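Chain lettering (A, B, C and D) follows the sequence in which the chains are written, and residue indices restart at 1 in each chain.
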Amino acid sequence: MVGGEKEVVNRLAPIWDTISPGVDAAERTPGRTGEPSSAERGWLHCGPNGAGHFVKMVHNGIEYGLMAAYAEGLNVLRNANIGSVERAADAETAPLAHPEYYQYDIPVDDVAEVWRRGSVVGSWLLDLTAEALHQDPDLTEFSGHVSDSGEGRWTSIAAIDEGVPTPVLTTALYSRFASRDLDIYAEKVLSAMRKGFGGHEEKPTGE
Amino acid sequence: MVGGEKEVVNRLAPIWDTISPGVDAAERTPGRTGEPSSAERGWLHCGPNGAGHFVKMVHNGIEYGLMAAYAEGLNVLRNANIGSVERAADAETAPLAHPEYYQYDIPVDDVAEVWRRGSVVGSWLLDLTAEALHQDPDLTEFSGHVSDSGEGRWTSIAAIDEGVPTPVLTTALYSRFASRDLDIYAEKVLSAMRKGFGGHEEKPTGE
Amino acid sequence: MVGGEKEVVNRLAPIWDTISPGVDAAERTPGRTGEPSSAERGWLHCGPNGAGHFVKMVHNGIEYGLMAAYAEGLNVLRNANIGSVERAADAETAPLAHPEYYQYDIPVDDVAEVWRRGSVVGSWLLDLTAEALHQDPDLTEFSGHVSDSGEGRWTSIAAIDEGVPTPVLTTALYSRFASRDLDIYAEKVLSAMRKGFGGHEEKPTGE
Amino acid sequence: MVGGEKEVVNRLAPIWDTISPGVDAAERTPGRTGEPSSAERGWLHCGPNGAGHFVKMVHNGIEYGLMAAYAEGLNVLRNANIGSVERAADAETAPLAHPEYYQYDIPVDDVAEVWRRGSVVGSWLLDLTAEALHQDPDLTEFSGHVSDSGEGRWTSIAAIDEGVPTPVLTTALYSRFASRDLDIYAEKVLSAMRKGFGGHEEKPTGE
């Protein structure tokens, strides 16, 4: 994803071709014929200075959305297993609406593995997820505080500048903020309101 | 918000009128003339059995959205104050993009108070918020684990059944789930992916 | 919501007091005693230059969220009435999951009216909604292309800068973008994917 | 993704193995050793009756999220090109905040192509998108009314039952609802409110 003046970028084409994945890194897209384009070889002149960064920024914004989609879905699977650690710890404040329906024992690691072959959700991110879950389905190594490195923020700001809705991408970004407890004051305000209009006290949790 | 057979509901009208807030509880809506309707007196026959509960359910679904709107906005204000407790505790993983712009010392309690008079966001929920913030702008009494009591869930399920989008109402509901850490496994999956493709380690936090 | 140097703002206090709603515009917040503060009289020195605009910006960001909460909830009510214009026109692509449960004839205008008295969702925005719905419950005057005037965008950008999640406020903003069909290319991409992996053709709609 | 009694499912293993993609359909996950498991061969006994459907349901829920992530990102890219059809048609109601920054001429079809090789967002869905965009970057064949076939709804309902937040998956679902204009009444309510408190008239659009 290269930005810059046309002549400059083209003069450096041999370098781009050398460091790019190359045409064989994927099957050819049906309908593409003739000499493979630079995009097919693995690099693209996206426009003037900045255009390459812009495209890479959106790439990462999409990445946040894709990651969140897998993460949320796997969380639904895990919580369909009654015995899961989190649900046991937080039973009082998080009752299942229909506990009789959620008594599975779904092996989340094997689900990620089986989806790697022939399913619509196959991807490199899924490959990585299957590997991590095979090592430890409980992911006990991780605390769940997820950083963000800028591009997801910039993608959402660009979307807002453009007036283009990106609810999935921005929601994925916000989930990362919330994973670092940056929503804590907002949540306290909610508890204060609930106490105000209904006398609701916060329930203790297992956390 | 009453549901039931017409004759039955109407026969009980004197009871509804007795326990309702009454027409004087609000200024009359411009355009409404003649004898005040039951809705203006404070009760409404919404339809057959179940219709009253349905309307009350949606009422509460809206309530969740309204509450979240205030909570999120006040969180933005609070985090515009550099010295805030949360940001100080979590400085490493949550850098401000433009710290030079967020050095206010906005009194969140007084903001809630000033909005109570003549602003577009005036409401009873805001009155309660102003009261809670006056008692303690830091809301130290609360941990931020927010319960939900069913109606918000049912509103979102009804919306999905109808094929009607309620992104704000459902997002508000999901924020409550996340406040109880029910997103923890999803967040761990994100951290596992980030380690997989970029070697990113989770950063320690002040939590 | 005033920003500026302390001495300047205080010197102009008589002007602020003159144009403010005044303390009688709302019941006093329980716990507030003594001489009413400027916030109680209807104006607030929020901080240095820019602080007033910042607070007003967040006020409008909250406003977007509140408005969306009412709008979504009323849409759920309206679509619970089988005979509604939109559902009839779009029956093929938008089947109800459980049509037997959504055969109400809920008077949306009267619901807005009844909520004005003694309910948790009472507010000035609800008053305005009740007035508009009393004039025309179908809102045929409107096409549903909703503008945004900047503050909602700026609030979301500030939230992203701060690393603070505002999923409800930003979602409300994005719904406005989508109401102006700025999501159209994204939706076409979805249809193209569906055709690609499942041979799904777009269904005609009544629109 | 098979559900059923253990003996029954195992007895039919030869059938599952015959119709499954097979172990060679993907590179082996690092850390997996020995005889390939059934998940690696392309099928999985997920649990008792219903478990297979549950896992497939979540698969499709994830699919909705993934699709939306690509679609939103590509929409940001397209709208970074000043000359795009949609923006030209809707210039009045959708001004760019910083038009000087969004004057690219990014070839969206080639971007999808270049991401297919060596990028984090590579997937089968991206392959399909690249193919569709190569045929017609404007996707003029499509109107943007996106159907949903049930699983996305059920995934969100399961998440709500479980008390697990799936903001990305549900937001993706709601965008489909909105693409079929099922948000129209909500948007009209917003316009009615804006007229009520600010005298704002809806602006005409190019649609």
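Simple rule for what comes next: a contact is a pair of C-beta atoms (placed from the backbone, for glycine too) under 8 Å apart; a residue touches a chain by one contact, two chains touch by 3 or more.
Predicted model only: the values in this text are computed from it and were never measured.
Counted by residue number, the contact pairs of A-D are over half the same as those of B-C, the matching pair from A-B, B-C or A-C. By number of C-beta pairs in contact, C-D leads over the other of C-D and B-D. With centres defined as mean CA coordinates, chain D is found 28 Å away from chain B. Listed for chain A are residues 68, 70, 72, 74-75, 79, 94, 97, 120, 124-125, 131, 153, 160-167, 171, 174-175, 177-178, 180, 182-183, 186, 197, each touching two or more other chains.
Remark: chain C residues 67-68, 70-72, 74-75, 78-79, 84, 86, 90, 93-94, 97, 124-125, 128-129, 131-133, 139, 141-147, 153, 167, 171, 175-197, 200, 202-203, 205, 207 touch chain D in the complex.
Every residue of chain A that touches chain C in the complex is listed here, in rising order: 120, 148, 153, 156-157, 160-167, 170-171, 173-175, 177-178, 180, 182-183, 186, 197. Considering their complex, residues 1, 20-23, 25-27, 29-32, 37-44, 46-48, 51, 54-55, 58-66, 68-70, 72-77, 79-80, 94-98, 101-102, 104-107, 110-111, 113-127, 130-131, 134-135, 155, 158-169, 171-172, 174-175 of chain A touch chain D.
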